[in-house]
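Two complexes, one shared chain (chain A), two partners (chain B, chain C).
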Partner chain A sequence: MIPEVGNFALVLALCVALTQGTLPLLGAHLNRQQWVALARPAAVAQALLLAIAFGCLTTAFVQNDFSVVYVAQHSNTLLPLQYRVAAVWGGHEGSLLLWVVMLVLWTLAVALRSTQLPEAMVARVLGVLGLVSAGFLLFILFTSNPFERLLPGAAEGRDLNPLLQDPGLIIHPPMLYMGYVGFSVAFAFAIAALLSGQLDAAWARWSRPWTTAAWVFLTIGIALGSWWAYYELGWGGWWFWDPVENASFMPWLIGTALVHSLAVTEKRGSFKNWTVLLAISAFSLSLLGTFLVRSGVLTSVHAFATDPRRGIFILVFLGTVIGSSLALFAWRAPKVGLGGRFGLLSRESLLLTNNVLLVVACASVLLGTLYPLLIDALGAGKLSVGPPYFDAVFVPLMLPAVFLMGVAPCARWKHASVRELARTLRWAFVAAAVVGVGAPFLFGEWKPLVALSLLLAAWIVFSALLNLFERVQSTRAGQPFLAAVRRQPRSFFGMHLAHVGISVFIVGVTMVGAYQAEKDVKMEPGDTVSVGGYSFRFNGVREEKGPNYRALVGDIDLLKNGAAVRKMFPEKRFYVASSMPMTEAAIDTGFLRDVYVSLGEPIDKARPDAAWAVRVYYKPFVDWIWGGCVLMAMGGLLAISDRRYRIKARSAAPAPAVTTASLAQNA
Partner chain B sequence: MRRWLMLLLLAAASLGSPGVPAGEAKPLAEDELTEKRLIAIASELRCLVCQNESLAGSHAELANDLRREIRTLIRDGKSDSEIMEFMVNRYGDFVRYRPPLTGTTLLLWFGPGALFVVGLAALVRYLRRRDRAISDTPLTPDEQGRADTLLQDPDSRQGQP
Partner chain C sequence: MKPRHKRIALILAGLAILAIAATLVLNAFQSNLVFFFSPTQVAAGEAPKGRSFRIGGMVREGSLQRQADGVTLRFVVTDTDKDMTVAYKGILPDLFREGKGVVAQGKLGDDGVFAATEVLAKHDENYMPPEAAKAVGDAHERAAANQASAQAAARTLKQ
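After this line comes the complex of A and B, so read on.
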């Protein structure tokens, strides 16, 4: 019964989405206020209906209703409750439902927090979001219905993939999808602006906090995924350039470009067309990512060919969205003004250069991700494009971008001079060079690439500090220094915090890449092995029983200079229902290093009480990778909380209310 | 499944048995240099039975065997490129994470560089043309008048943000 309610709610949600995607848009065009006024209630209704559908699917999981195909495939009576709930988005159908739920949550947020916007604008934005939602609901209902019944019902479920039975599953996909889907808001604002022909600074100001919010979620989502892979896959890698990872990284790159381009559009009225194009691209890449991950095309082009229904649908949907937005863009863009004038060297041009670098980097990632599919589809053989390729292509593109990150915040709008910039920044550069060249000596081996990376990381920090100092000095007007610091807008600190986050990230990536130490050893109980100044004493394995798995747990003493630091318990798990083995690493996390142990296999399969293959790692600064991402996200949050958005919200609020009231009287 | 059960039983039986005398663990490779080279080679190779993992990272049995085989090849004095060639001969280009430069991969290897050059060239061209377009359009008398009033009005002036 409950699954049928869920299914019905989905159908109703589709009807509401279609209404929301048509009448308000028409109403805004024809100036029909009743139709325009439909947008907000429709958004609320859709959110309620999808909450019901989502609740029904969750209930089916909690109650172990194995007469639902999706539940039977992704759950099991032995699965702990928290994973039964998270298993809702552990497979294809459910993650699409999560996608739409996120979409209607964003829609709801826009509907409720847009009182200061003109009604026609709100109607257009919500209308576009309604159309997107309708597309996805059609996809779910026709190709991927999570409520499909299994008759007769299964006695027991097939269980969730053990890789996913981790707190990471509970939090990573929702965060990632919030980010992915969040770009639909930036997209909707851009399309609404194109439809109305009002591409102005006000439009940029409205869509900016939404875009930053989506970017913050995506940053956190990607970082969580990376951290999850680090501790779950059992060998301490943090990024694999896997197509699925790339699918989330490409919208992030374009989203980053968009955040910067929006800044120029808001402050200087320039780059409007470029901003719109980026907003369309960011969302299109989110859709493309969904296509890549969901159509099965990644595992094999042939998997896609045997069941092309889903793939074809997304491809057509993708084509429709991109095609119609670009057509609209081509129609409207020529009429858009150029905005303020600026010199060949100015903050505008530097930001635009960074934008080009980010877009080229994204295009390269796209090329590398799609190339094997392309070659395979053309019948020209099978090849793999992996980390060595991406590192070789991506890193050189990012080096100039990171260098410019230190320059652009110090450059003036409109016109900057090389000489002035050089004079301002020379000491920051000298200090960065000293740190970059000197620091690698502290870690043993001096490597030129490490020096270059650390130089760039230090460069970002020093130029940010310099920028803060200069700015405070110039606006101080006799006040104490700290008081003037406090008067700077939050968005200014947000920008620098996010940039410092990149710097911290670079330190983490560089240090772990250059100075990681690892050993692959055979350990008898009682043996010790040392790596990175730590010793590990293996005391053998013992058996343990989990809720739905059995485990062999290694008992290892971590020692430093002969003194015990702590005990570590790496596990080898064996999941009962799926017959799958899993490796659970043991990690001692620290500010400056992680120590990481994972159990391989017993050397003699018949004697798990004897010797084991064990891998031990010393990973300097590895947590800075995710720490940097957290700083980036916090920078974004600071920028959103800037006073200027709140003031605009308050002072502008009465105006639309008055117009609606007067219009209501006229109607 | 049965093997695992046996494993567990044995593990349980062995608990509490007296410890073996302590010693330094034996590396799976003979020396550190071999291990370093192994990691370098293995991270360029794809584990053929995994979803998308390198040979260096995979815990799969085939990966263990192949790593052992690479160690043997290193011990036999084969160079890195000879080992790579051996793997490619056996498993095809699919095993390499760094695709070779051939006719079919020209676009892959030179595409990003070309995009970079084209992107920057387009940027410079755009900036030049834009600069000219803006300076070439003089203000209409009406716009000039509005600009003058705006400039005289101190409230409408915006400071450097």
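After this line comes the complex of A and C, so read on.
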């Protein structure tokens, strides 16, 4: 009964989404207030219906209702409750439902928080979101219905992939999807602007917090995925340039460009067309990511199912969304205008350069991701593009971008002078050079690339501090220094915090890449192996039982200079229902380094009590990688919380009259 | 500078970035494309010498051998038609099993042994790496075609 309620709720939600996607848009065009007024109630109704559907699926999982195909395929009576709930999005159908739920949550947030926006604009934004939602609901209902029945019901479920039975699964996909789907709001704002022809500083100010919020979620989602891969896959890697990872990274790159481009559009009115194009691209890449991961074209951990119908549907959907929005762009963009002019060297031009670098980086990732698929589809053979390609292309593109990150915040809008910039920044650069050249001596062999990376990381921090100091000095007006610091807007601190996050991230990536040490060894009980100044003593393996698995648990003493640091217990698990083995690494996390141990396999399969193949790692600064991402996200949050989004939004209240007038003109 | 000159300069700068990027990309692309060969293709000498490539197929039952150090391994990968020996030093992924699909990346040595730097077996019991599936599928198709032509030949002989 409950699954049928869920299914019915989905059908009703589709009807509401279609209404939301048509009438308000038409109403805004024809100036019919009743139709425009439908947008908000429809958004609320859709959110309620999808909450019901999601609740029904969750109930089916909690109650172990194996007469539902999706539940039978992804759960098991032995599965602990928290993973039964997380299993809702552990497979194809459920994760699509999660996608739509995220979409209606964003829609609801826009509907509730947009009281200061002109009604016609709200109607257009919600209308576009309604159309996107309708597309996905059609996809779910026709190709991937999670409520499909299995008659007669199965006695026992097939269990969730053991790899996914981890706290990481509970939070990684929702965060990632919040980010992916969040760009739909930026997209809807862009389309609304194209439809109305109204694209100005006020428009940019409305879109900015939404775009930044999506970017924050995506940053956290990607970082969580990377961290999860690091501790769960047992290989100690944090990024593999796997197509699935690239699928989430491409919207992030474009989203980052969009956040900066929106800043220029808001402050200076420039880059309008470029901003709109980026908003369309960010969302298109989110859809492409969904297509790549969900259609089964990339058969990997994340592709839970392979079904050509699904692939074709998403491809058609993708083509419709991208095609129609680009057509609209081509038609309406000339109306939007170019906006304010700026000098060859100005904050605008520096931001534009960074934008171009980010877009080119994204394009090169796209090429490396799609090329093997294209060759495969053409039947020209199988090939893969190795991680060295991405490293070789990505790093040289990002080096100048990171350098400019230190310069742009200090450059004036409209026109900046080289001499002035050089005078302001020279000491920051000298200090960064000292740190960059000197620091590698502390950690081991001096390598030029390490020195360069650390120089750039220090450069970001020093130039940010300098920028803060200069700005406070110039606005101080006789006040005490700290009081003037406190008066600076939050978005200013947000920007620099996010930039410092990049710096911390660079330190992590550089150090772990250059100075990590690893060993794969055979260890008899009592053997000791040393790596990175630590010794590991293997005391053998004992057997343990988990709720739905049995485990062989290694007992390892971690020693430094002969003194015991702690005990480590890496595991080899065998899941009962799926009979799949899983490696659980033991990690000693520290501020400056991680020590990482994972069990390979017993040397003699028949004697797990004897020697084992063991992998040990020493990973300096590896946690800085994710720490940097957390700082970036915090910077984004700080920027969103800036007072001016609230105050100016209020002062923009009389705007509707103006907009209606301009609308009438347009019509 | 006049606005027009500025615009031209900006466009030129943009084009320069694009040109540098394109060069980088194409260079890196050429040297990092990893091609895939089945054991049959390797046996026919189609695989490049001295360049990294991927092979795939099934791990032959009972072929896994461990050297005394415990982490140097040898196993045989087959597409059911031709076999090839793979040497690997390190820890195998969780889902590496004899009789299951596998993909390995590395270089072909002069002794005909494939020295793998990476062994991939993906995380699903039912899942077969697409390259491995293709290698085995191709070999089966060839076998079927051979059988068909043999039957045709036999029929002609009988007539």
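The definition used in the following text is that the second predicted complex is superposed on the first by the 640 of 667 C-alpha atoms of A that agree within 3 Å, B and C clash if a C-alpha of one lies under 4 Å from a C-alpha of the other, contacts with A are read in each partner's own complex, and residues count from 1 in each chain.
In this text, a contact is a pair of C-beta atoms (placed from the backbone, for glycine too) under 8 Å apart; a residue touches a chain by one contact, two chains touch by 3 or more.
This one's a predicted model, so the numbers in the text were calculated from it and none came from an experiment.
Engineer: On chain A, do chain B and chain C fit together or clash when superposed?
Structural biologist: Superposition result for chain B and chain C: clash.
Engineer: Considering only touches as defined above, state whether A:Leu397 meets chain B (first), chain C (second), both or neither.
Structural biologist: Both chain B and chain C are touched by A:Leu397.
Engineer: For A:Gly386, select first, second, both or neither according to whether it touches chain B, chain C, the two together, or no partner.
Structural biologist: So A:Gly386 meets both chain B and chain C here.
Engineer: For A:Gly540, is the partner it touches chain B (first), chain C (second), both, or none of the two (neither)?
Structural biologist: In the superposition, A:Gly540 contacts chain B only.
Engineer: Of the partners chain B and chain C, which touch A:Val356 in the superposed model: first, second, both, neither?
Structural biologist: both
Engineer: For A:Leu552, decide between first (touching chain B), second (touching chain C), both and neither.
Structural biologist: In the superposition, A:Leu552 touches chain B alone.
Engineer: After lining up the shared chain so the two structures overlap, which partner does A:Ser578 touch, if you call chain B first and chain C second: first, second, both or neither?
Structural biologist: Only chain C is touched by A:Ser578; chain B is not.
Engineer: So, does A:Val529 touch the first partner chain B, the second partner chain C, both, or neither?
Structural biologist: Only chain B; A:Val529 stays clear of chain C.
Engineer: Contacts for A:Val521 in the overlay, against chain B (first) and chain C (second): which applies, first, second, both or neither?
Structural biologist: both
Engineer: Which chain, chain B or chain C, ends up touching more residues of chain A in the combined arrangement?
Structural biologist: Here the partner covering more residues of chain A is B.
Engineer: Output check: A:Phe569 vs chain B and chain C. Expected answer is one of first, second, both, neither. What do you get?
Structural biologist: neither
Engineer: When the complexes are fitted on the C-alpha atoms of A, one of 3-11, 93-101 or 147-155 in chain B overlaps chain C. Which is it?
Structural biologist: Among 3-11, 93-101 or 147-155, only one stretch of chain B overlaps chain C, namely 93-101.
Engineer: Kindly list the residues of chain A that each of chain B and chain C touches, one partner per complex.
Structural biologist: 234, 299, 341, 343-344, 349, 352-353, 356-357, 360, 363-364, 367-368, 371, 381-386, 388-389, 392-393, 397, 520-522, 579, 581, 583, 600-601, 613
Engineer: For a test of understanding, state which residues of chain B touch chain A in their complex under the given definition.
Structural biologist: Counting only chain B, the residues touching chain A are 1, 3-4, 6-8, 10-15, 17, 19-29, 35, 39, 43-44, 46, 51-54, 56-59, 61, 64, 92-99, 104-105, 107-108, 111-112, 115-116, 119-120, 122-124, 127-128, 130-131, 133-135, 160-161.
Engineer: Which residues of chain C touch chain A in the complex?
Structural biologist: Result: residues 1, 3, 6, 9-10, 13-14, 17-18, 21, 24-25, 27-29, 31-36, 52, 54, 66, 69-71, 89-92, 94-95, 105, 122-125, 127, 129-131, 134 of chain C touch chain A.
Engineer: Along chain A, where are the residues that touch chain B in the complex?
Structural biologist: On the chain A side, the touching residues are 233-235, 237, 240, 242-243, 267, 299, 338, 341-344, 349, 352-353, 356-357, 359-360, 363-364, 367-368, 371, 375, 380-389, 392-393, 397, 412-413, 518-529, 537-543, 550, 552, 574, 579, 581, 583, 600-602, 605-610, 613-614.
Engineer: Of all residues in chain A, which touch chain C in the complex?
Structural biologist: Residue positions touching the partner: 161, 163, 234, 299-301, 341, 343-344, 349, 352-353, 356-357, 360, 363-364, 367-368, 371, 381-386, 388-389, 392-393, 396-397, 520-522, 578-583, 598, 600-601, 603, 611, 613, 615.
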